[in-house]
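One chain, chain A, links the two complexes that follow: it is found with chain B in the first and with chain C in the second.
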Partner chain A sequence: MHPFDYYKPKDFDEAFAMLTQPGKKVIPLAGSTDIIPMVRDERWLPDAVVDIKGLPGLRDIKLVDSGPLCCAGQTAQCLYIGAAARMNEIAHSELVQQYASVLAQAAQEVGHEQVRNRATLGGNMGTASPAGDTLSALLVLEADVLVKGKDEERCIPALKFFLGPRKTALQPGEIILGVQVPPLPEGTLGRYLRISRRKGADLAIVGLSVMAIPAEGGYQWRIGLGAVAPTPIRVPEAETILATGHDEATVEKAIQATLAAARPIDDIRATAAYRREMVVQLTRRALQDIIAQIP
Partner chain B sequence: MESVTFTLNGVPRTVAVEPGLMLLDVLRDVLHLTGTKRGCDNGTCGACTVVVNGKAVKSCTFPLAKADGAEITTIEGLAQGEHLHPVQQALVDAGAIQCGFCTPGIVMDLYALFETQPDAPQQKIDNVLNRHLCRCTGYETIAEAAHLAQERIKETK
Partner chain C sequence: MEGKYVGQAVTRIDARSKVTGQALYPGDFVMEGMLYMKLLFAGRPHARVLRVDTEKAESLPGVVAVFTSRDVPFNEYGLQYPDQPVLVGPPGDPEAARQLVGGGIGRDEVRFVGDQIAAVVAESEEIAAQAVDLIAVEYEDLPVLSDPRDSLKPDAPQLHPKYPGVSYHPELVFEGNIASRHRIRRGDVDAAFAQAAVVVESEYEIPGQEHIFLQPEAGVGYVDDEGRVTVITSGQWAHEDRHQVAHALGLEEEQVRIIYPAIGGAFGGKEDLSVHIVLALAAWKLHRPVKLVWSRTESIIGHHKRHHVFARARWAAAADGTLLAAENYVIADAGGYVYTTNKVMGNLLLTCNGPYKIPNVKTDVLGVYTNNIPGGAFRGFGAPQGNFIAEAQMNKLAEALGMDPVELRLLNVVQGDDPMPWGKPLPDDARGLVDTLIAAAKAVGWQQTEQGWQAPACAPRPGDPPTLKRGVGLALGVKNVGFSFGYQENAWAAIELRGGREIEAAVVYAASSDVGQGTRTVIRQMAAEALNLPLELVTLEPTDTGITESSGSCSASRMTFMIGNAIKGAAEAALQKWADEDRPARAEYTYLAPKTTPIDRETGYGDPNFSYGYVTVATQIAVDTLTGQLYFPKMACANDVGQAINPRLLTGQIEGGVIQGLGWATTEHFIEKDGYPLTKTLSTYLVPTIVDIPDELEAIVIENPEPHGPWGARGMGEMPLIPVAAAVQAALHHAVGLWYDAFPFTTERVLRGLKLKE
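Our next item is the complex of A and B:
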């Protein structure tokens, strides 16, 4: 395997000094469940990695007040999930289950138990695979991403964070601190579903996040898709259709709109045609699941 | 070179190695504990599963530096002398081993599960088997062994 240096900073100052060494390719590392296979395949060849997992506050899952950066203008508290929170911690957290059920479900689908014990939310986001399970969930939750560089912190909406396969809005030398999920009204329903060749070990062929949020006169819907475009995407066309109702005919129209938004490719996991078919099946299943829960 | 200290099967160990080595490399090639197997080497097959701080992890993608201060249990740490751990004994009794390559990983995963959750429901046990690639047995006998182990562990707890 390509050799690299391993740094474990004690605090943020040390971390940023390590991350910004001139002339060196240095990448932040958390659970290492993605980076090590990538280095072994020689798809990434870092000179060094900086293990950010132990930095203070990065593992917190808690409610926070609206801040000057993220979650601005919210009257109720937001759910904060630190970048180094493990997938299993997120999946099993009562707070996440209550405030961001779709994310808890998505975290439960990442890898295997042994991987979920170490893989982190920030890692899944930083890797930015179009198939990353948690990413479409963050899009439908309209989460904010809090990032920190040497000199400043800034907040990027999840909707603007994922720019392409393995490309994010993160600048060199910046790390993800965590995400903040805005408060949702009581009665909000969420569902994450995915298809993969093997349950667990493999990436999603299609991933789907759906939320129904109680709104005046009915529900406001949010639909997010993974693994069918260069980034996770939202499907505003289908969301608009569902805002008019969720009878059978409307649901079918929304499914077709979701299909139209998918731009899948053929790859090692599935053909584009199969992915399109699975978009239809997953969307129908998720919408029916949620509609069955509507009181 | 840097030195990393951890507790391995109850014994404090310090190793001085290249920081880019994985825990699996160190267990097998430095400490010569070859019970932990190298399968796919990319975090997929489950053969290299060991238990770190009570949790099952895949040692092939676990940088050694992350093991600093950790408590690590490998397949070599389960038996008491010649007295096998109930999970190991159950695999023997159920005839759940053919080539044996996937066995240490499965044993460690079931061990971690039953240590924290002796009453683990069927689904959890199925999930353990699902995450280990076995090319020989067809899994039926391993599932039998898992249930046998659970019964015996519950009797003693």
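Our next item is the complex of A and C:
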């Protein structure tokens, strides 16, 4: 195993000083559930890690007012989830269940109990694996990602955050502070479904986030997919189809549109063919689940 | 029977030390002046090593030594046959090399990815790892055989020289790439097929399996204060380890000592050597303690797997269900070296026709070299593969005949003096076959009706979506206990009674490997029972070849049976000496099991075993026909154990065995491509987690005393795993109407089958 240094900064200033040491590959560390296996297998070779999970505010889950960067222009409060919030904290949080149910469900699917006690939302986003469970949920929630560098903070829409496998819009030296979920109208419904080869502690073969948001007497739909493309994706084609109604024929059309958007590959976990079939099954199941809840 | 200790759920000797982290496993030992070893694995499936340049590695500061093939005095080893070099490469002393089997030809050939080229010893593990990267090896890559069926083709490259073989393993034939060959010929199958009402013909692909014991291979080698090269490590038979280490180092066995501390699992995966010889070699040459710990990936690459098997089976029955003939042709992937292939195949041979009265039997079993990771011992030792063939055929025959699978088995199962396919009846009354069958079947809903036993209907339960299909299935299993085929089974134990007027302490010596099953706890219980002493007075010395004789291997479900008899003998003798006023009163005893015979090479006839275990697994299944996901609401395993010595440990073995079998049947998919393993980590090789196992697992303990077993106990450690895969296959069929003849039954495979059916 490649040796590396471990830093635990007191505050942000110290953190950024450590993160920006010239000539060194330094990465933030949160729950380390990705870092440890990756470094052990010599796929990541950092010179140093900076443990950011103790920094102020990074573990908060709370409602916040609209800000100058993220959540701008919102009249109601946004849900703020700190980057170092653990999956179990997110899954069990009443706030998250109420304001971002699809994300609570996705967090509950990550790994197993022990992993969820350590794994963080920021780490899931930082790794940016196409199979990361929370990522498609962030896309359908149209969350904002609040990031901070040595000199400034920025807000990046989740829809523009994931650029490729293990590639994000973060600049060197920047960390994720948290995400902000814009307020959603009462009656919003969300469903996260996934399938894996083994039921416990296995990465998703397909992950699927669906939301139905009450709008003008009907519903606006959002569909996000994981593990079937280089990044998590939204499926606007299917969303447009569902905006016209959710009778059986329309649902089938939306499923076909979702399937058309998926570009899965063969790998050791599943063939592309099986992934495509699972896109169909999960989409139908999630849509039916949600439709059954529509009053 | 319930004795004072036998039959009681006595707490494990090592419960506290393991739970509190005090127990020392092989990787936990630290000695003064200790060095660290790292191995250079070949990492390629087939190549000739032309040159190994260690100069750069040796000059790295902190490196103490780099060992290669040139440094191994007798560069060969193997549990059954020494066809594997310790380190692959050109010989140091060509004269010595000529004394190796096969004249030392091909010792410079890598035959699977886990072959080792060099062992670096350094002041730290990090330095050793760096130095490994500095070793330059020049290879000439050779054509790779990755399917045993290809190895049988006439133009296939021959992977080993023609070895001479040995008289006591007549099945090791070394014909081309065929390492071992077994057969049974009884009656005339072709005539029987011609007049049969029903014939079922199938091709099966039965997968390999990785052991995933918790503790990867590790050890510390040093020279002890009596000048013996000593290895503290994990294994399953300390004295056999000693034998192989001594052979490779060219030492007398007395100059080698093996000690087993706490061991984190084995399941057959530690029958063959791993770190032992290189550690002994380094310690012997350097006279300093040396430690080696394999990573999980090194472990997965470096030790053998359950044999991957391809089989053709054709079985016939009369219209009333009476079995008429069974023909099986089995090719097993032995991988790069023999390991225990010949003996595993022997068990496959004996189990692949089931425990049934079949007048006409024709069986061929070949163990074939490839460039895959070797096939070898794994809980069940050939019986799981054999069982799958036999029980899949029986379940299919039941369907073809329109008979209930329980009824078909009751009609055909051997009883009393009915001969097995090798011409001899099972040595005891074998009541456990029927008893376990009925018990397990009932546990998942079978009912006895006027028309006989009937499987439950498996209607949807409230809330089931229409796409969820339910079913039940079962399989019956049998396997030998102990070493077979003419080997004189033996186990040694000694007991020393200390005290004056009263016995104040009883010290037990036994070389039994506690791989987690609790053998040391059970030994203590049996000794207390045999001596009629309070448990607190009985202590057990460590498994150490320096202070014990051989108690044999912790495998073949044999240890409780064998060591129990040895303990009884030693206790009786020690009590006699005590009565004769010896102080301390020490007695040794070697138990010899009833004799067995080899089987005939042409017909398979003989009396290969002295004891058998009987088991049935029955399961409920629910299949999500849209995704291919499987759920197991309930599984039951009925096991005739003769006598439970420790019911709690025994239930643990049943539960663990069933779950390990379920992993093999469902999620554990060991994938090799062109000789390269693709599932080298725990995130790609998937053992069941707590949410993957049955909602309910009923362990049914049946106790028909084994005539030769201590207190009537018979071996059981492997039994619960054996019938699981066939039971799952049957339940799947019951649920969705499809026979899946290849497994693991992964979600993807299950769904693909359903799609093809549409």
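Here are a few things to note about the model shown:
As a convention for this text, the second predicted complex is superposed on the first by the 295 of 295 C-alpha atoms of A that agree within 3 Å, B and C clash if a C-alpha of one lies under 4 Å from a C-alpha of the other, contacts with A are read in each partner's own complex, and residues count from 1 in each chain.
The rule is short, and it goes like this: a contact is a pair of C-beta atoms (placed from the backbone, for glycine too) under 8 Å apart; a residue touches a chain by one contact, two chains touch by 3 or more.
Bear in mind the structure is a predicted one, so any value in this text is a computation, not a measurement.
Bringing the complexes onto one copy of chain A puts chain B in a clash with chain C.
Contact with neither chain B nor chain C is seen for A:Leu225 once the two complexes are overlaid on the shared chain.
Within the superposed three-chain model, A:Ile290 lies out of touch with both chain B and chain C [touch as defined at top].
Of the two partner chains placed by superposition, only chain C is touched by A:Arg197; chain B is not.
Using the contact criterion defined above for the overlaid structures, shared-chain residue A:Leu208 touches neither chain B nor chain C, since it reaches no partner. When both complexes are overlaid on chain A, the residue A:Cys78 reaches neither chain B nor chain C.
With both structures placed on the common chain, the touch criterion links A:Asp41 to chain B and to chain C. Of the two partner chains, chain C is the only one touched by A:Tyr274; chain B is not.
Steric collision with chain C, judged by C-alpha atoms after aligning on chain A, is confined to one stretch of chain B among 56-64, 110-118 or 128-136, namely 128-136.
Common to the chain B and chain C contact sets on chain A are residues 1, 3, 37, 40-41, 112, 198-201. By the touch criterion given at the top, residues 1, 3-6, 8, 29, 32-33, 36-37, 40-41, 49, 51, 53, 111-115, 117-118, 198-201 of chain A touch chain B in their complex.
Note for the complex: chain C touches chain A at residues 126, 129, 295, 297, 626-627, 629, 667, 671, 678-679, 681, 683-684, 686, 688-692, 746-748, 751-752, 755.
Note for the complex: chain B touches chain A at residues 18-20, 22, 41-44, 46, 49, 55-58, 60-63, 65-66, 68, 109, 127-128, 130-131.
Put simply, chain A touches chain C in their complex at residues 1, 3, 37, 40-41, 112, 195, 197-203, 268-271, 274, 277-278, 281, 285.
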